[in-house]
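Chain naming follows the written order as A, B, C and D, and within any one chain the residues start at number 1.
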Amino acid sequence: MDTTIEFLGEPKIDSPLRMGQFVENDERILFNVCAAGVARDFANGTEPVSFLKAGPRRKVFFDTSKLRCAIVTCGGLCPGLNNVIRSLVLTLHHSYGVTNILGIKYGLQGFIPRYGHPFVELTPESVSEINELGGTILGSSRGPQDMEAIVDALVRSNIRILFAIGGDGTFRAVSKMTEEIRNRRENISVVGIPKTIDNDILYSSRSFGFNTAVGIAAEVIGSAHVEALGAPNGIGLVKLMGRHSGFIAASAALDKRDANFVLIPESDFDIEGPHGLLQKLGERILDRRHAVIVVAEGAGQRYCAVGGTDESGNVRLGDIGLYLKDQIQRYFESKDLEINLKYIDPSYLIRSVPATPNDSVFCGFLAQNAVHAGMAGKTNMMVGTWNDEFVYVPINLVVTGRKQVDLNDKLWRSVLEATGQPPLKPEE
Amino acid sequence: MDTTIEFLGEPKIDSPLRMGQFVENDERILFNVCAAGVARDFANGTEPVSFLKAGPRRKVFFDTSKLRCAIVTCGGLCPGLNNVIRSLVLTLHHSYGVTNILGIKYGLQGFIPRYGHPFVELTPESVSEINELGGTILGSSRGPQDMEAIVDALVRSNIRILFAIGGDGTFRAVSKMTEEIRNRRENISVVGIPKTIDNDILYSSRSFGFNTAVGIAAEVIGSAHVEALGAPNGIGLVKLMGRHSGFIAASAALDKRDANFVLIPESDFDIEGPHGLLQKLGERILDRRHAVIVVAEGAGQRYCAVGGTDESGNVRLGDIGLYLKDQIQRYFESKDLEINLKYIDPSYLIRSVPATPNDSVFCGFLAQNAVHAGMAGKTNMMVGTWNDEFVYVPINLVVTGRKQVDLNDKLWRSVLEATGQPPLKPEE
Amino acid sequence: MDTTIEFLGEPKIDSPLRMGQFVENDERILFNVCAAGVARDFANGTEPVSFLKAGPRRKVFFDTSKLRCAIVTCGGLCPGLNNVIRSLVLTLHHSYGVTNILGIKYGLQGFIPRYGHPFVELTPESVSEINELGGTILGSSRGPQDMEAIVDALVRSNIRILFAIGGDGTFRAVSKMTEEIRNRRENISVVGIPKTIDNDILYSSRSFGFNTAVGIAAEVIGSAHVEALGAPNGIGLVKLMGRHSGFIAASAALDKRDANFVLIPESDFDIEGPHGLLQKLGERILDRRHAVIVVAEGAGQRYCAVGGTDESGNVRLGDIGLYLKDQIQRYFESKDLEINLKYIDPSYLIRSVPATPNDSVFCGFLAQNAVHAGMAGKTNMMVGTWNDEFVYVPINLVVTGRKQVDLNDKLWRSVLEATGQPPLKPEE
Amino acid sequence: MDTTIEFLGEPKIDSPLRMGQFVENDERILFNVCAAGVARDFANGTEPVSFLKAGPRRKVFFDTSKLRCAIVTCGGLCPGLNNVIRSLVLTLHHSYGVTNILGIKYGLQGFIPRYGHPFVELTPESVSEINELGGTILGSSRGPQDMEAIVDALVRSNIRILFAIGGDGTFRAVSKMTEEIRNRRENISVVGIPKTIDNDILYSSRSFGFNTAVGIAAEVIGSAHVEALGAPNGIGLVKLMGRHSGFIAASAALDKRDANFVLIPESDFDIEGPHGLLQKLGERILDRRHAVIVVAEGAGQRYCAVGGTDESGNVRLGDIGLYLKDQIQRYFESKDLEINLKYIDPSYLIRSVPATPNDSVFCGFLAQNAVHAGMAGKTNMMVGTWNDEFVYVPINLVVTGRKQVDLNDKLWRSVLEATGQPPLKPEE
C-alpha cells in the first residue's frame, strides 16, 4: 500500500504562518492501532503502513502574495459544504495572505465555457455567514467533464491550487486532472476534500456532514416510531442514504434504539421464507403491535435492481424502499391482518441542512489542513482522518475501493444488540 | 346561526376551583369584529352573532369526587396530542380533584370490545413527561364505529365526561353519540377538542399543532430552496398537507419567502397554456435558474382525481405532487432543457414531532377550557378560539362546513406579494 | 380614545400593487369583542371604539419611482429584527418598486453626524439571508438624540418614509419627530413598528419576537427543572425579562408546567411571613424535594429598588433575581437544610436568537402593513394587531401607557392553575 | 505505565450473548499512533504501551440469571447521563438477561441509610423514554461518603456489579471502594463510566456530553457575537466550563470562528501591559468596533483565586468571568470610550440539555462496553475511547492526572489560526 504523497516540487519559501508549531514531513500516523499486528510487522522486519500527518509546514511551495486559488464543489449536497468553503477562504486569506480566491459554479461544469457559468470571487466578507446556510453557495453538478478543457481553464485563469470537494467520482477526475497537469508540466496543485454523506470513502474514518446526517436521520427514525405507535399495527419504514455502505442507517438506528430491523448493503437478507424479513416482521407485529424498519438505499438490490448507470457513472439503484413497502403490504393482506404502514424517504431533507457545530469544527480542520497541503505543493491527495489524527492520503489509493460497515466490528454488533434483530437468512 | 350550547342540566354544585375568577354564562364574544358590520346589525335591530366565552364556572354539574372521565384521540397524528392529554389529566386532577381518568386506546376502536384494546389509567405521574414526545400515547385510528356500542361502553364503564380529540369525522361521531346519549337520557357529557393539522375546522381561528406544522413545513421549503440553488436549473417541489384548505402551504411559504409558486385547493390554476404553471415556471427557470414550488395535497384535484372515499369517509385525493413532478419533467424534456427536480413529501415528518412551546401553551388553554366545559355539564360542543378569546361552539354548527383560505384576505394577499406569483389562469 | 390616524395629505396616485384586493379607509376593527359591552355602546348611542384596518390602499401618496425610504432599529435586541428589515426591503422593492432604501446604523445615533456611522444601502440581495441571523444587521443603540438634528438628517438625505422599529422610548421620539416635521411642513412619513420583547406595548396584542422568546424561556425553565431534579433539595431560580409586564414569565411557565412559583410585576408578593415565598418554598421542598421559581425582572421591586433611570429614561431596576437567590440561601441556612440552588439569567441568550417561523411570518405581515401605511402617507402611527387583525394605531395613543397581564384574565388564571401557586400574601 | 485490568476471577460461564463476534483478551490498542515513536520502542526492545480492547467476551464471570446490578450517577450534570442509564439497563436486560437492576438515588448519598433515599427499580419500560430528558433520573450529588458504609450497602443489597458514572472524584472513590471490596474478598465488580463535561479525564479521548456541550456553547458564542454586533463598541464576554482544561472553550470557538480571544487554563495570559488582553481588546475595538471573548472558568486563576476546596475536594475557583468584566469596564472607562459589554454565563443551560444523537450513540457504546466488562468480572476500571476504539483502562491510572489541551497540537493551533489572537504575554 503506497501512501507516498505527490509534490509539485521542493517547498523553499518560509511559511507566512505566525504560530510556531509546524508538522515535520516525517511525522506519520500508523494505519493499524492493533498492538499485535504492528508487533508482527516489526518482527517480520516490515515497516507498518502509515499516513503522512497533516498540518502546516515550515516551508511552502507557492509565493502567497501572487497566488490564485479556486474552490469547486461536486456531486450531491452534503451538510458542511459551505463550512468547508468558508474555512478554506478564511484560512487562505487570514493565515496565508491569499487574496485571490475563485469559486467555480456548479461543479466541474463551471470550468467549461459553453455552460456559461461565471467564476465567483470569494472573500472573507462574502463567506462570513454562509455557514448558517445548507447546501453550497457555489452550486454543484454531477458527472464528468472534458479533462483537457478543465486543465485549459485552470491554466488560462492562472489557478495554482484547486480545492476539489467531492466524492468518489470527483476523486477519479482529480486523478486524471493531475495526470494531465503533470503531462503539461504545470505547477498546479489539486487537493481533494472528501465529501460523502454515506461516509464510504476509503482511508477517512469520518467524513464531514456525516454527524449532521446521522442526527437528522435519527430524528426521522424517531418520527417513524411515533407513527408506528400511533396506529394499530403501525409499521414505520424509513429509507436512508447509503448506496454501498450502511453507516448512516446503522449509526442513526443506535441513537434512540427505536428501530427493530436495520437493512444495509453489507448484510444480505431474505425477504421471504422462514427466516425472512416478512416472517420476522409478522411475528413482531403480533407480539408488540408496532415495528420500525430502517433500510439503506443500497440494501437488498438483488430484489429490485434496475441496471444501468447514472451520469456520474454510478450503478443505478432499484428503489428498495418502495419495493419493501409493496411486499409488506401484500404480505399482511395475504394474512388478512390490517396494518398501518408509513413510508418515509427523507434524503433531501437530510442532505440540505446546515452542519451541526461538531461537523462545523471538523470542516474547519479539514479545510485548514487542505490549505496547508496545497501551500506546500502537495497534489493528487486528499485530507483524511485516521485514528483521531488528520492525515494526507494519495487520491490514487482512495479511489481503489469503498469503506464499508465491518459486520464483525463494534458498529454492526451494536446494531444487532440494540435492535435484537435476528439473522434474516438461514444460518450457514 | 345558532350558537347555543347544549347542557346536561343545571349545574348546582359549587366549583372546587380555588382561584376567584369565574366566567359568567352571559359573557359572549362577537363573531364579527368589523365595526361597520356590527353597526349594521344594531341598526337593523338584529343581535350580532356571538359565541359563549370559555372558562371556569361558579357551579359545576358533576360531583368531582366520584367522577370518571375518559380521553380519546382520533384520526391522523398532529403535534400537541400528548400536550392536550397531559393538560386534561393535570387540570382534572389538580384543579378539580378528579382521580379516575381513563385513556381510550386507538381512537373509537378502543370502545369496541372485539378489538381487544384495554383502557389505560391516566395519572399525573403517567403523563408527566409525555409532552416531550410526538404522536399520542393513546394511539389513534380512523373511521367510524358502531355508535350504540360506543355509548354502551360509556355507560358500562360509568364514564361521565368524554373528551374527544379529533377532526371533522370525529365531530360528526360526537354529534351522533350525544344524540344517542340524549335518547337514552344518560348524563354523559361529550366535549370536542378540535384536532386538524390543516387548520380547517370551522369557527376555530387556530387549531393546535398548526404552529408546529408550519414551522417544520417552512424548514422543508428551506431545504427545497437549498436543493434548487445547489444544482443547475434546480427545482424544488414540496407537497404539504392541506386536503381542502391551504393554510399550511400559504403560511409556511411566508416564513422565508423562498417559494415562487404556492398552489392551494382554494385557488384554481392552469398547468398548460400561456398562463399555466409550466409556462411560468419555464420563464422563471430561464430568468433565475432555480425555483421552488409548494403544493397543498388538495390542490389541482381536477387534474389527478381518483374518486372514492377512505375509511374516514373523506374523498380520496389524487397525488398532485407526483402528478406535477411528472408534468414538469415532461415539459422541460420537451423544451430540451435539463433541469434538476427534487420532490419532497414530508407529511409524516411534520405531524409526528413534539409541539413547539407556543403550541404547547395553546394546548394547555384548550384542555383547561374543555375541562371547565365538561365539569359544567356542557355537551355536544367544542372549545374553539375566536378573536383571541377561547369560546364554546356547538358541534352541530362546526360540522356544517370547512374553514378555507379567503382569497381576498391578508394571508393569501401576502403570499401573492411574497412570491410575486402571477395569476395561473387567464383573467376573466 | 382618539384612534384617528394622521395623514401627510390626500393619497392621489394609483397604487402600483398588482393584486386586486385593497382595504378601504372605512374598514375598522372593533376594540372590544365582548358582545354585551358593544351592545351597551349602541344602546347609549355611542359609537364603539375601533381601529383602522391595516392593508394596501388603492391610492398612494408618494411617487414610488423617486422615493427614498429609511429603516432604523432602536433599543435592545429582539428576535425578528432582521426579518422585519428584510420584509420591509422586499416589500418596498418588489411590491412598490422602491429601489432607494437606506439603513440607519446603531439606532438614532445613525442620524447624528458626530457619531460617524455611515448609512447603509439595503437591497433585496443584501438582505436575502439575514433572516437566518439573530440581532439586527443595522446595529442599535439606546437613548434619545437631538430631534432637530434627526429631522435635519431626514431632510438633508431626502428620506421620505422612515420605518422606526423600536419600543416605548422610540415611539416617544417618533411623536416628537413628527411634530418637528409637521412644524417644518415637510412631507415625511414616520411609521412605527412595535419592538418589545416584553410584549408590553399598548394596543398591540402581540409583538414580534415574543413567540420566539417564550420558546427559549420555556427551554430555560425546563433546564432549571432538570437541575432541580438532579440534586437533593434542588431549586432552580430563573430570572426572565419583563420590566413592567410578566407576559414572558407567565407564558413560558405554561409550556411544560414545570414552574412552581411565577413572580411578575403585576402581582405583589411577600417574601417573609406565613404567606410569603420563603415559607411556601420551604413547604414545597420538604414535601417534594425540588422546586422551580420563575421571576420577571420587574417583579418585587419594593424589595430591591435602586432608584435612578438609564440612558433610555427607563427606571433602573434592582436585581430581584440575585436578591431572591440570597434570601433563599439565607432562609434555608437558617433552617439548617442543605439545598442546591441554581440561578439562571438567560436574557442575552433569549433576545439574540433568530426568529421562529411563526414570528418570521408575523414580522412579514407587520412589515408589509407598515409599507402600505407609509406609501399611503400615514404618519405618527404604528402597525399593531388586535382581535386577530392588523390595525393602524396613533403613536400618541400608544405612548400613554403599558400593556400588562390582567390578573383576572385567562393567562394569569392559567398560571395559577398550572403552578398550584398559593396567594403569596395574606388575603385581604 | 501499567495498563493491566483487574479481574474478580476467571470468567468460566458461556456468554449468553447471541451474536457470534467476541473480542479476545489479547486484543490491545496501541497508546501511541505516531509511527516513529512505536518504531523506536521496537528498536529498543520495549513493548509499546497499549490498552485492552473493549467488547463482549466469550466467557462471563457472573451467572446472569441471579445477578443484581446497580447504577449510580455522581457529580455535576452532563448531557447523556440518562442515555447511559438507559443503555446500561437495555443491554443488561436484553443482551444478558439481567432483570434485577437498581438505581441509586442522588449519587453516593444513595448508599448511606441516614439520607433516606430509597433504591429505584430500573426496567426497560421505566427507562424507555428517559433519553429525551436532560439531567439524570437518578439525581446526583457531590462529595465523598463513608467507604465502609457504601460497601456495607453493596453487600447487604447483594449488588454484584456497580456501574459508577462520574468524574475524577468518583473514580478516586471507586479506587477506594474496590480496595475495600478486595479486602473483604467480596465478588463485586465496580465499573467506571467517565463523566466530565470538561472532557478532562485521562486516557479517554472523548467523554460523553462533550459533543452536546460544545454545540450549545457554540450557540452561546454566536449569541455573544450577535450582541457584540448589535451595539456600538459591543463586547460579548462568555464564560464557559473548563476548570483545568479548555476543551469546551477551544472547540466551541472553532464552530463559527466568531470569537476573537479564547482564554483557557492551559495558556497563561497578561491582562495589563502592552501585550495584555486589555490593550489588544482596545485595539480590536478601535479597529472593528466589536469583539467576542471566550473564557474557560479555570483560566487566569492567578488574578482571581479565592483558595479553599469545595465539597468534592476540588480547588475553589475565583470567578474569572466577573473579574474580566470589571477589568474591561474599568479599562474603557479610563480610556473614556463607551462600550456595550454583555456578559453571559450559560453553564447550567449547557449541562442540562438532552444529548445530541451523536452523543447518544456514543453513550450507547460506552454503556454496552461497560456491561461487557462487568459481566466478565473486570473491576476497578473505566471504559474509555482511544484512537477511535473503545478500551478498558485501570482506574488507578486514570486518577493520576488530568487531560489538558496540548498547546502545540492541532486544537489550540486551530484556535490561534481561527481567532488571529496574538500571544497575550511578552514573548520569552
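In this text, a residue touches a chain if its C-beta (ideal position, glycine included) is under 8 Å from a C-beta of that chain, and two chains touch if they have at least 3 such contacts.
As the structure is a prediction and not an experimental result, all values here were calculated from the model.
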Chain pair with more C-beta contacts, B-C versus B-D: B-C
Centroid comparison with chain C (C-alpha atoms), farthest chain: A
Centre-to-centre distance between chain C and chain B (centres being mean Cα positions), rounded to whole Å: 29
Between chain B and chain D, centroid-to-centroid distance (C-alpha), Å: 45
Averaged-CA centre spacing for the pair chain D and chain C, given as whole angstrom: 41
Residue numbers of chain D (touch at least two other chains): 133
In the complex with chain B, residue positions of chain A that touch it: 77, 106, 109, 115, 117, 133-137, 139-141, 220, 222-224, 226-227, 229-232, 234, 342, 344-346, 348-349, 352-353
Residues of chain A touching chain C in the complex: 129, 132-133
Residues of chain D touching chain A in the complex: 17, 19, 21, 26-30, 33-36, 38-39, 42, 47-48, 50, 55-56, 87, 90-91, 94-95, 131, 205, 211, 214-215, 218-219, 251-252, 254-257, 356-358, 360-361, 364-365, 368, 387-390, 408-410, 413-414, 416-418, 420
